[in-house]
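Note that the chains are named A, B, C and D in the order they appear, and that numbering of residues resets to 1 at the start of each chain.
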Amino acid sequence: MSKYDHIREEAFEANMQLPKLGLVLFTFGNVSAADRSLGVFAIKPSGVPYEQLSPGKMVIVDFDGKTIDGSLRPSSDTLTHAVLYKHWEKVGGITHTHSTYATSWAQSQRDIPIFGTTHADHNTVDIPCAPPMSDDMIRGDYEYQTGFQILNCFKENKLDYEEVEMVLVGNHAPFTWGKDAAKAVYNSAVLESVAQMALLTEQINPKAPRLKDALIKKHFERKHGPNSYYGQ
Amino acid sequence: MSKYDHIREEAFEANMQLPKLGLVLFTFGNVSAADRSLGVFAIKPSGVPYEQLSPGKMVIVDFDGKTIDGSLRPSSDTLTHAVLYKHWEKVGGITHTHSTYATSWAQSQRDIPIFGTTHADHNTVDIPCAPPMSDDMIRGDYEYQTGFQILNCFKENKLDYEEVEMVLVGNHAPFTWGKDAAKAVYNSAVLESVAQMALLTEQINPKAPRLKDALIKKHFERKHGPNSYYGQ
Amino acid sequence: MSKYDHIREEAFEANMQLPKLGLVLFTFGNVSAADRSLGVFAIKPSGVPYEQLSPGKMVIVDFDGKTIDGSLRPSSDTLTHAVLYKHWEKVGGITHTHSTYATSWAQSQRDIPIFGTTHADHNTVDIPCAPPMSDDMIRGDYEYQTGFQILNCFKENKLDYEEVEMVLVGNHAPFTWGKDAAKAVYNSAVLESVAQMALLTEQINPKAPRLKDALIKKHFERKHGPNSYYGQ
Amino acid sequence: MSKYDHIREEAFEANMQLPKLGLVLFTFGNVSAADRSLGVFAIKPSGVPYEQLSPGKMVIVDFDGKTIDGSLRPSSDTLTHAVLYKHWEKVGGITHTHSTYATSWAQSQRDIPIFGTTHADHNTVDIPCAPPMSDDMIRGDYEYQTGFQILNCFKENKLDYEEVEMVLVGNHAPFTWGKDAAKAVYNSAVLESVAQMALLTEQINPKAPRLKDALIKKHFERKHGPNSYYGQ
């Protein structure tokens, strides 16, 4: 028994959803789960195949990226998770994947336009694509800087991380987050579906208009806010 | 035992087909089954994962959208179902999904052209895309107005809901219907396949012609009408 | 025991491969298996779901399309099968599907260009697309005329049905054949794969050249002809 | 017991991964595993379905392509494998597939541009496409010449086979390799994913830029070289 068992279990369960949802090839993805009272998160060990994962293999890391507990090396993206947890206080889980369609949008360095209600059910804006880093940032502490690249993208675009729980990192791939690890994984699957349909929409109609403001507002409020009426 | 058991069972079975047919991600879809003699329909509860559904969780609603029986909140799209049942007297089942290709056509705000016999086996016309609502309609009783948006689209295009059992709602997603819930689900899968092939057809040949009238007529009559010779 | 048991079993097994290979939605496909000495073929009954099929449900039909044995109505495409068996004496099995990519090429009314060795391993020419029928032919005995449309396409293009075992029927869908039902199904899967890759090839490079003649010849001879060296 | 058992087992296990990873239709692929001390490799027999494979059916061949042990005919691509083993001394496993997206790039005769970090995690350059052979080479010992076509492509582009473990053969399909058979199969799956995302990237943004040099270097070094920090 350890005081980290609950987030190890949570991170493990969430990581195991990635292959089930078709969001990862081999080990190209990772999920973490935080315990804010302990100031740490549990994250997938680096390069370990999903079929060999277990809760006990999750690595415990603090919000500065220092390994606190666990015998394996944490995901190579650990510092990006740490930066987001440190600066965004209500985030409880983070997911990173190289899912096919979201990654292709990231590679194309375009925001994903809001074309329909599937998108609006989850976000009121285009899904932002943070620009690739400067060469200096890349040569420095890369994964740490990736976190700041995301923070800066949200600052510059005046986005609220509690409303927009997903981002594309230019040339790289998506990160998503939420109140817990399960919500972060859910957002990764939603993003992948929205990314695929946005590409198809432009292929069917290159002049497809963005969704009307009234419809954006309506659909988002159906699922979120004080008068939401989706779910139980 | 309840007098609603048969439609609860029917709606449950039909809802469970959606994930099997690859038509939904998470809970983004719902099916209802009506009993016209009782003046009610059974519909999926809102936001409940498919793996947690059971016949008993289906909610009984009348054709004005009022919940008659059941402890859970019905699907957020319930009022759209109610309007269609109320105005189209021979509809016995309705399906709503955000399936990838049909939704992408809806987002592109284009009718799906009739390019081949797979389409003609089920419809003699392009699959209509109802335009997005006015801002006033959206701000009002949104799901209720969605139903009228569909009714108006059929009126304006002089379509018969007994012949054309599917529609795209612009910027939103498809609705399909039929004599019972199973047929409505069947139509959702057919629509998704037709939607995918129509996009591919335009990609292979941007000048692909619509299907000839003689062929439209022939294929539809093979499956429908007094001299149909498809099936047993 | 019946003298038709062997082709009923053969047709049943071959039909059951269609859903496994992802070539059909619902009942949109059929396979037949012929016994030339008896002058008949066994074919899938019309509109019966795959999960309800059994060898005993296969219908026995002669090469003029007359039902010889069986209590169910044969596939609505039966007359097309009959015409091909009657005129092409070495065909032992025929498959018809509405598989996604092959059907989209048929809807686009284009031959599938020979772009690579996967295609050349099976055919030395572009896969032909027979033009849609004249209105008179459609209004007549439609499925019977579909067979002649295929025969005429091969005659006009001087193709040999023993070398080219697949065709697209314009606006409709593919037919494939072979020495037995299993080979006909195999050809349907190969056609679907070749059709998908041809579209992707044109998307990657709109000026992609057809395969060189020397390479067409080489690959086809690897698998076919007196000096073939593929397989055991 | 035989001195070849270990590579037969290794080749068998690796071949069985191909259908699991969705990289082959029917028998359109093969993997080999080499033992450098014995100067031989084990390779899949030609045209044998995956469900009928067993370690004992793997054929033992030397680096000149001569069959040393085994009762079946080796893969028709055996000579290509032999040439690569003979000239590239540190290769321990080779895979050949006709996977959908990689083969479509090969058919389009284009190198796959490096658009993102998924690509850079494995290669620092565009994935090369060797041009189709001259007619003389095709008419000669075709599979043998295919090996030289690959070697020449790497020589002309000054590529190191230990850094770039994959190639497209123009009009044909991909070959990948690695220190053992499992790594060669891994590379085939990575290539297929990179190939799909590169096409999608160009579809989303026809002017998508190649990845920055600093990012290419960073990501490759994360997984490779003396300071790599990916995995355990």
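Please note the rule applied: contacts are C-beta pairs under 8 Å (C-beta built on N, C-alpha and C of every residue); 3 or more make two chains touch, one makes a residue touch a chain.
Molecules present, by chain and UniProt name: A, B, C, D = L-ribulose-5-phosphate 4-epimerase.
This is a predicted model, so every value here is computed, not measured.
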- line: Max Cα-centre separation from chain B goes to chain D
Field: For chain C placed onto chain D, the superposition rotation in degrees, Cα atoms, nearest 5
entry: 90
- line: Given over half shared residue numbers means same and under half means different, the chain B/chain C interface is different
Message: Nearest whole angstrom, what separates the Cα centre of chain A from the Cα centre of chain D?
response: 33
Query: Which whole number of Å gives the spacing of the CA centres of chain A and chain C?
result: 46
Task: Two or more other chains in contact with one residue: find those residues in chain B.
output: 203
Message: Going by the touch rule stated at the top, which chains touch which?
response: A-B, A-D, B-C, C-D
Field: Touching residues on chain A, where the partner in the complex is chain B
entry: 115-118, 186, 189-190, 193, 196-198, 200-201, 203-205, 208-209, 211-212, 214-215, 218, 222, 229-232
Task: Would you pull the chain A residues touching chain D in the complex into a rising list?
output: 25-26, 28, 45-48, 72-73, 76, 98, 100-101, 103-110, 132-133, 135, 138-139, 142, 171-173, 199, 202-203
